[in-house]
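What follows is chain A paired twice: with chain B in the first complex and chain C in the second.
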Partner chain A sequence: MSSELRTQVGQLARRSVMRTLRQPAQIVPALIFPLFLLAVNAGGLKDATNLPGFPTDSYITFAVAITFMQGALFSVMNTGTDLARDIETGFLNRMALTPLRGAALLSGLLAGSTVLGLLQAVAFLTAGLAGGAEIAAGVGGALVILVLAVAITVAFGTIGMFAALRTGSGEAVQGLFPVFFVFLFLSSMALPLDLITTDWFHTVASINPVTYLLEAFRSLLIEGWELGPLLLGFGIAAAIFAIGMTAASRALKTRLVRT
Partner chain B sequence: MNAAPAPATENAGFLGVARAVAWRSIHLFLHNPAFLVPSLIFPLFFFASFAGGLAAVSNVPGFDFPSGYTAFQFVFVLLQSAAFGGVFTGFAMARDFETGFARRYLLAAANRNGIVAGYALAAMFRALVTWTVLVVVALIAGMEIDGSGVDLVGLFGLAILVNVAATLWAAGVAMRVRSIQGGPLMQLPIFLILFLAPVYVPLDLLSGWIHAVASVNPVTALLEAGRGFISGDPTVVGLAFAIAVVLPILFALWSRGGLRRAEAAG
Partner chain C sequence: MTTGIEVQGLVREFKNGPRAVDGIDLQVAPGEIYGFLGPNGAGKSTTVLMLTTLLPPTAGSARVAGFDIVSEGPRVRSAIGAALQEAALDPLLSGREHMRLQTALHGIAKSEREQRGDELLERVGLSQAADRKVGGYSGGMKRRLDLALALAHRPRILFLDEPTTGLDIQSRTALWDEVASLAADDGVTVFLTTQYLEEADALANRVGIIDHGKIVAEGTPAALKAEIGRPTVEAVPREQAELERTAAVLGRFGERAGASPKGAAVRLGGGESGLADVVRALDAEGIAIETLQLHAPSLDDVFLAKTGRSLEGAEEDEAEAEDAVAEAGAA
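Take a look at the complex of A and B:
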């Protein structure tokens, strides 16, 4: 990376991080909402661990993985809404008048997501452990969980950027929330894939990438070190990132042409 | 000095205003996919996710709901959609205040209570549309209904009262905040109280803090009565209807206070 590009990315990253940290309205729901659902699900579905074949006797260990995915959903909203606001207020137009590179703009914007993703992951993991969750893979596993959570958050953030660049509207980005919620709900969120008995739901969950992201977390939490689920999890995160970044870059070019 | 309006005129004013507000809200709801689609999609996804994804929970030792897990979750999603029908109407009300349209209502209405009543009628219509789709989907999904016609009247009667209560709650917030930024304030308490009830399994199978909270949560009685109705084994009916009648009365007072605030704000 050239020093010029590094400076551009650095400046925008600083702005993105500061903007995220200065908006409690972005941080608080992104932390509270997943933790509330974790508490409710861990209490309400505790008896599901009595089902034959359930992989652990601690539902909170199983459920803590969901919080990381919910955190990633908030990343879509926050990153997209921030960028949409930049478009709506004319900040992007001003940036277009400078020699700023598109890659710097997109990378810099993701810095806020990275910080929020890390904050969320630490909070969720701490809360889970305090609530009785265990990490079969130990301290090293906890670190990998944090890395994976941040990777997924950033990958989902690129989709938020794409939506913002494509529509230029914060309201339209907010409208994406239900769509991503559907992906989460139609996955192995609440029960392991093997225990989903409804055929159509099992089929949908089997082809839903969110299922495999959840399984990557759960492999570290429940099983210990298993290479397969981890590679799949990181691979899916990388694929989402690549697709999201490519789409966002193209949308950025189109938007800059329009302006 | 003007004479006080005769009761008949006042009544006509109330009904006329309610009808006009309801018509506009329903028209907007039916003609704008951004309002219609989430109202229909959200309950269906909750239903699909809970009834489909968690069907194996019915095999948990001690789970003995006779009509099956689909019917068990149907009642929760029905009451949830009833409540959120009210909340979404509160959003519409807040948006009307934000854009200034509600001010025109306040200026033009012969009886301003009719404005709230109109929104409540629209919320009920919104809920009825959602329930129609929900029932069809649930039946296609193989939901068993063991309750009689009278039981079903009881179930939907409860759901209508929940819808009215939630609308009046959200209206009270909307008229105080007068901005869509009040949305989380309308939504969050309802979301919390719904999910702190026995959503996934009956109350007896809950343990720890969630059991303690669910035991004193009024939504628990509504859910248990609703599940009793659908399984043809009515239970805690008196308590559930008492709660379902008291809540709208309390929230009517709350929304009346909100209306006074909105009037004072001009």
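Take a look at the complex of A and C:
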């Protein structure tokens, strides 16, 4: 990476982090909403652990994985909304008049997602442990959970950037939120995949990548160190990142038609 | 001319819309302030977007600071600064943080960034507010910060797209002073779009008037005004019964012109020097005068003469045209 590119990424990352930390309205819901749902689920669905074949007798250990996914969904909205606002206010045009490279803009923006992702992951894991969740993979497993949560948050952030660059509208980006929630609900969110007996639901959940992201977290929380689910989880995050970043880069070229 | 702006036959067409810019030619000399005057939707901002490389032209060519706007975009951008319509600022960052980001993105050495930022903030009178978030700035402060950001990398040419729209008169005057000083003291070439006649009149060395994407007049404000005519004198008699006699006396000095309902006006055949004769003639006829006003020709008169509409009326026409285009697009 050239020093010029490093400077650009560094400065935009700094701005992105400052913006994130200066918007409690972005941080608070991204922390509170998943924690609220965790509390509700852990209290209301704990009898699910009595189902034959349920992998743990602690529902909160099972459910804490959901918070990381919900946090990542907030990343789509926050990253996308920030970029859409830059387009709407003309700030993107201001930056386009500098020697800024597209890669620096996108990478810098994701720095805010990284910080928010880390804040969320630490908060969710801490709350889960305080509520009685356990991590079968131990302290090392906790660190991998944090890394995976941040990786997924950043990967989902690229989708938010793509949506912002395509539409140029904060409202359009926010409109994606319910769509992503449908993906979450049509996954193994509430029950392990092999305990979902409704055929269509099982089929949808088994092809839904969110299921395998959840299972990567759950493997560390419930089973310990299992390479397969972890590789699949990180692989899916990497694939989402690659697809999202490629799409966002193309959309940026269209959006920035500078000669 | 290698460091100014040269434009030949520049065109920009939008899908399903009219030609926003329809084959304009213009030249701006180094160190000159060029005022680009026209109503909303006339093509001013589209021209600026093309000249700043943010929008490719459909046809024609332009060189800015000696570089082609299509094939040498990065070199054009390194030579220009721009404050586009609406101050494009981040409300969550402070003025100083904006300067830090802008100087860094322009590749200014780390050791110089802070000094350059402070220098520009002081120049635009924002040193005291430098650490406040921009969200709390007034409209005038935002515009001044916008200007400072555009100057971060010491550009040779500055594009200002309606820099004072929406500002109070005090903020507007402060910005005019700053722009005038940039051209006079620093030799910066300024391309300024405006819909305010007085702004073009006060600031610009030369003015181009654009309407429906075409330049309809160009020259110094004085030459343009001189080209279209003579000053008008309007007299309002103290007694309305004297209005006809007043009009008759004025009629000796030139052809009749539009006046307020209580007054009479003529375009002075002999120019401004004829005013003293008018006063003497009214006095000789014993007509008591309530007010007597000399109206020098304005750029609005120029606009009226060139387009058949006043600039104010044109605003409404253009707004209607824009609505029609938007509706056509939506349909």
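Note that the second predicted complex is superposed on the first by the 257 of 259 C-alpha atoms of A that agree within 3 Å, B and C clash if a C-alpha of one lies under 4 Å from a C-alpha of the other, contacts with A are read in each partner's own complex, and residues count from 1 in each chain.
Note that contacts are C-beta pairs under 8 Å (C-beta built on N, C-alpha and C of every residue); 3 or more make two chains touch, one makes a residue touch a chain.
This structure is a prediction, so every number in the text was calculated from the model and none was measured.
Asker: Of the two partner chains, chain B (first) and chain C (second), which one does A:Leu45 touch, if any: first, second, both, or neither?
Answerer: So A:Leu45 only meets chain B here.
Asker: Looking at the overlay, what does A:Ile196 touch: chain B (first), chain C (second), both, or neither?
Answerer: first
Asker: Report for A:Val257: first if it touches chain B alone, second if chain C alone, otherwise both or neither.
Answerer: In the superposition, A:Val257 touches chain C alone.
Asker: Does the superposition put A:Leu37 against chain B (first), chain C (second), both, or neither?
Answerer: first
Asker: So, A:Gly90: does it touch chain B (first), chain C (second), both, or neither?
Answerer: second
Asker: Taking the superposition on A as described, I'd like to know which of chain B and chain C A:Leu186 touches: first, second, both or neither.
Answerer: A:Leu186 sits against chain B, while chain C stays out of touch.
Asker: Which partner chains sit in contact with A:Leu143 here, chain B, chain C, both or neither? Use first/second/both/neither.
Answerer: In the superposed model, A:Leu143 contacts neither chain B nor chain C.
Asker: Touching chain B and also chain C: which chain A residues?
Answerer: none
Asker: What residues on chain A touch chain B, complex-wise?
Answerer: Listed in rising order, the residues are 29, 36-37, 39-41, 43-48, 50-51, 175, 178, 181-182, 185-186, 189-191, 195-198, 200-201, 205.
Asker: Which residues of chain B touch chain A in their complex?
Answerer: Interface residues on chain B, with respect to chain A: 34, 38, 41-42, 45-46, 48-49, 51-57, 59-63, 184, 192, 195-196, 198-201, 205-211.
Asker: Can you list the chain C residues touching chain A in their complex?
Answerer: 52-56, 69-71, 73-74, 76-78, 80-82, 84-86, 88-90, 92-93, 97, 100-102, 104-107, 110, 133, 149, 153
Asker: Which positions of chain A touch chain C when the two form their complex?
Answerer: So the residues of chain A in touch with chain C come to 4, 7-8, 10-12, 15, 18-19, 22-23, 86, 89-91, 93-100, 257-259.
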